[in-house]
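Following are the structures in question.
Look for chain A in each of the two complexes below; its partner is chain B in the first and chain C in the second.
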Partner chain A sequence: MCGIAGLLITDPDQRPQLGALLAPIFEAMTPRGPDSAGLALYGDGVEVHKQVGPATKLTADMALADRGGTCGIAHTRMATESAVTTEGCHPFMAGDDVGLVHNGSFSNYATVRRDLAATGVSFDSDNDSEVCCRLLAEQLAAGAGLAEALGSVPDRMDGFYTLLVATPSEMAILRDPAGCKPAVVAEGSGWVAVASEYHALSELPGIDEAHVFEPAPLEVHTWRA
Partner chain B sequence: MACVSTDVVVLDAAVDDTRTINRALRALPDGARARIEHARGRHNLAVGLHHPVTVDVVGNAGYYCGALGERATVRVDGSVGWCAGENLMSGSVTVRGHAGQSTGASAHGGLVVVHGDAGARTAISLKGGRVAVAGSIGHAGAFMAQAGVLLVGGDAGDGLGDSLYEATVFVAGRIASLGADARVEDLTDDDVAVAVALADEAGFDHIDATSLTKVTSARSLYRFDALAAQRY
Partner chain C sequence: MPRTPRPSATFPAAVIEQIHELSDVGHYEIRGWGAKRAVPSFDDLTFLTSSLTRYPLEGYREAIDTTTVLGAGRAERPLVLDVPITIAGMSFGSLSAAAKEALGRAASAVGTSTTTGDGGMTPEERQASAKLVYQCLPSRYGFTPADLRVADAVEVVVGQGAKPGGGGMLLGQKVGERVAAMRTLPEGVDQRSASRHPDWTGPDDLRIKIDELREATDGQVPIFVKMGATRVPYDVKLAVAAGADVVVVDGMQGGTGATQDVFIEHTGIPTLPAVRQAAEALRDLDVHHDVQLIVSGGIRSGADVAKALALGADAVSIGVAALVALGCNRSTTTGDDRSPPEDVTDDYLALGATPGTCHHCHTGRCPVGITTQDPELEARLDVERASRRVENYLRSLTMELTTLARACGKSDVHNLEPEDLVALTVEAAAMAGVPLAGTSWVPGAGAGLP
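After this line comes the complex of A and B, so read on.
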């Protein structure tokens, strides 16, 4: 189990509130992943914060509630495939600014990693999710759009996953063919929020009017900033 | 803690933790009514109630709402997460909105009603309970369902009725695909009567019980085939 959280602000007037709105969603995912926490924050460029320990410590240390921006994707980790270290924390970043958080586990990541390494791709960790992130970045660099690149992940990667991906202009989500790992999306007025469980979104202003749904398996959803 | 407003015990999930709420519900006398306010997606609300009480959940509930219930009536005016009414023994769980996956999983008895859509694995391993969904369900509905009835007012996703035992599935809309060992059977008058009664009890008025598709087990997986290995 791990937790994912994401928030994309489409209304420029609401962008100063990105951190204040995202922090409680992120912190509510702590029971799903108390080992470590991480966040990629998109605004003027992208910055990544990750550390061992609960999400509440990270959000306090970086004063997330005071931060604005266009998009943030966050992860609370319950480690399975590699050690509880800062290197094993999500989000994983590839290319210049492709961020990925992953709830689940890949079973064939060593094979895909060898294939990517043979083409010159290098890795920062032993983590399975980093392999998926490098795979996505490779396809984006080759000219694929985010939806196309994310939609092709099931062709190469086996396992259980909910993947939440961000670039400076987009946020996207994909669930595995069996819908094994959870995700709830809320499309509100001026924002789109994602979490592993609904309760994390329940305090968002305007949630009662938002379009709330669970993405179907293998259905790629993308949203532009 | 609980406060009494007229004859309804009001519990506030914004104030009390889940155990406090569920303990208060279990302490209610038979026939009592309670309301849980500010549910906000809280997991495990109204779980394990073993006596005839009526619980209304205001807002959306999380996982396992009304699970393990016996004789209780649980009603949610919003949507629920995964496993609503899981392992229900009797009584009912009614959801006004949508439900996540594994709704009514392993229910031995009672009735689970969803007025919206339900997700994957609806009525998985059903063991005698009844599950009625007004809208559509996701993939792997009634997977390995052993006894009971699943009624779907909309469409059913891929792999419906895979590895079914003796449960019966009725679908009003389209079936994306049947799972292994599931087959479509002709509707009998008894089937129509069962579906009409279930739809009535669930409060559905949009289902024509005479045009439902009935799915049951082909029973080809029931026995070990000693000669199967020789075919390879």
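After this line comes the complex of A and C, so read on.
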């Protein structure tokens, strides 16, 4: 049980406002995940911040509203089957700079984890989302593009999920075959925003003119910074 | 005051009766079916289905896949089944031609396979079975290159769960004219099949045999290796090393048409630990699900199928349960379009059994026409009605399986995993390698036990 939030800035002039625009979306997801919060912030490289406690504490501690950048993906966590620890916080990082946040739960992650471990992959947590992230990393390392790698997740991972993924140049989303877990996308002027619930996006400047939609099940959507 | 009679725990009435019988006849008891004693089983496990941490699939709206592919690694034509439940090898001879045909029709109707047995392939079962696995047994009775080339898979039988280390047995009363001709044996004489194959003994020679079978079938069909569950981790690894595309492991509850009671009750390990050990062996070799695992021995319900899949099987085989679905141990015959079902309870009593306790397959006097070569008894089984029962049963098993898998949040039954299960007894927890319910304790975990 979790909340996800994401913002990609396509208009270079708006990049200094990334943090100020993302922070309220992120904080609005707190009731979906009060246990811990985390964020991957892309700009000059990627920074990952994660800690136990509500999103408001994290955004204050890192002064998110003052930060610029190209993209941020964030997560508020209500832990299900693994511990409330910093290691269990999202985002999980695939390779050096691919970030993943997940809302939902995978029903066969123990098997996929065993398969990956047998090939030498190691894990930092007992979290199901980390398994998906490591799987994605393997496919990216094998040469797949982000859309291709994300699109192949349903071949291996069973269960329910909204996955929001970012790289230094792209943001992408995928929902499970049943469209069980929520996601709302708003494509505005100079930005693309994602949240688990619409109200988190409702204060964005220009939201009334934005193209707002729920991604269809199994459709991979990608956006370039 | 007369004292209450005091039975002995060591010599209860059944044991005394057995000793009396042995002392009367001077040889071991022979019978059909599998182990009758209670052993730890899939009944001792329960599923942790969805609640708040995980979500179930909707039963009537969201699809669940049951497609099962066997032998995809090497064969040109892998065996593609619509359900992960196959019909195990049972011979024409042990079973009537009508029973074999009914099993074939039912398996074909649900898109799964059936299997020949000791004694060869009958034209009826080849015609009735859309997917037919051809067994290669130590006796090689009725084993011909022509039949080999029309098989959809070949199964080298090293052993079976009811009698690992023993050969087949068909008593003289079932060796009728047609059975005798197919096996090139004299009519009416007890047939004892070999315990070892004539042309190979260990895995080194088995490799050559598998190469030979692959060549004879032009690499078209998968080669299975079936074994009774004894030293499972080693046997599974050796079968893979010898080139098996599919490994079939038959636990001690597995049935037979006839063998020594001492064999049935006192050899092999239960199916529950066998499936776990086999899956671990395949994982150790990094071929789990690349070489497929079929598990058999006491599979009765969709819950059994689901638990076997969760513990690592790709499919299960049913033998006794399929016979029961045909009508084994019913008090009445199937009846047919001309005559209603007939009560045959007296025929069970004449065998020293009752409907519900009969294991007298070996006598050939099957009251419901399944395990017999007697034309009058065989006529009691209407192929059409019997096959419909088995078809219904296979569909029911599949519905039970998908019900549980959906409740565990799986869109494919093969995504069931050991972590979906907990055990209700310490013994089952240790054997299955899953925690005792309500604890995180897996007895024996990390002890390096095989």
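Rule of thumb we're sticking to: the second predicted complex is superposed on the first by the 225 of 225 C-alpha atoms of A that agree within 3 Å, B and C clash if a C-alpha of one lies under 4 Å from a C-alpha of the other, contacts with A are read in each partner's own complex, and residues count from 1 in each chain.
Definition applied: contacts are C-beta pairs under 8 Å (C-beta built on N, C-alpha and C of every residue); 3 or more make two chains touch, one makes a residue touch a chain.
Note that this is a predicted model, so its numbers are computed, not measured.
Visitor: So, A:Arg114: does it touch chain B (first), chain C (second), both, or neither?
Guide: Only chain C is touched by A:Arg114; chain B is not.
Visitor: On the A-aligned overlay, A:Thr80 touches which partner chain: chain B = first, chain C = second, or both, or neither?
Guide: A:Thr80 sits against chain C, while chain B stays out of touch.
Visitor: Regarding the shared-chain residue A:Phe123, is it in contact with chain B (first), chain C (second), both, or neither?
Guide: In the superposition, A:Phe123 contacts neither chain B nor chain C.
Visitor: Applying the document's definition of touch, where does A:Gly159 land relative to chain B and chain C: first, second, both, or neither?
Guide: second
Visitor: With the two structures laid over each other on chain A, which partner does A:Ser105 touch: chain B (first), chain C (second), both, or neither?
Guide: The second partner, chain C, only.
Visitor: Same chain A residues contacting chain B and chain C, which ones?
Guide: 178
Visitor: In their complex, what parts of chain A are in touch with chain B?
Guide: It comes out as residues 178-179, 182, 184, 197-203, 212, 214, 216-217.
Visitor: Could you please specify the touching residues of chain B with respect to chain A in the complex?
Guide: That would be residues 40-43, 59-60, 62-63, 79, 81-82, 100-101, 119-120, 138-139 of chain B.
Visitor: Across the complex, what residues on chain A touch chain C?
Guide: Result: residues 1, 80-81, 105, 107-108, 110-111, 114, 118, 158-160, 177-178, 180 of chain A touch chain C.
Visitor: Provide the residue numbers of chain C that touch chain A in the complex, in ascending order.
Guide: Its residues touching chain A are 50, 52-55, 57-58, 62, 283, 286, 408-412, 415, 417-419.
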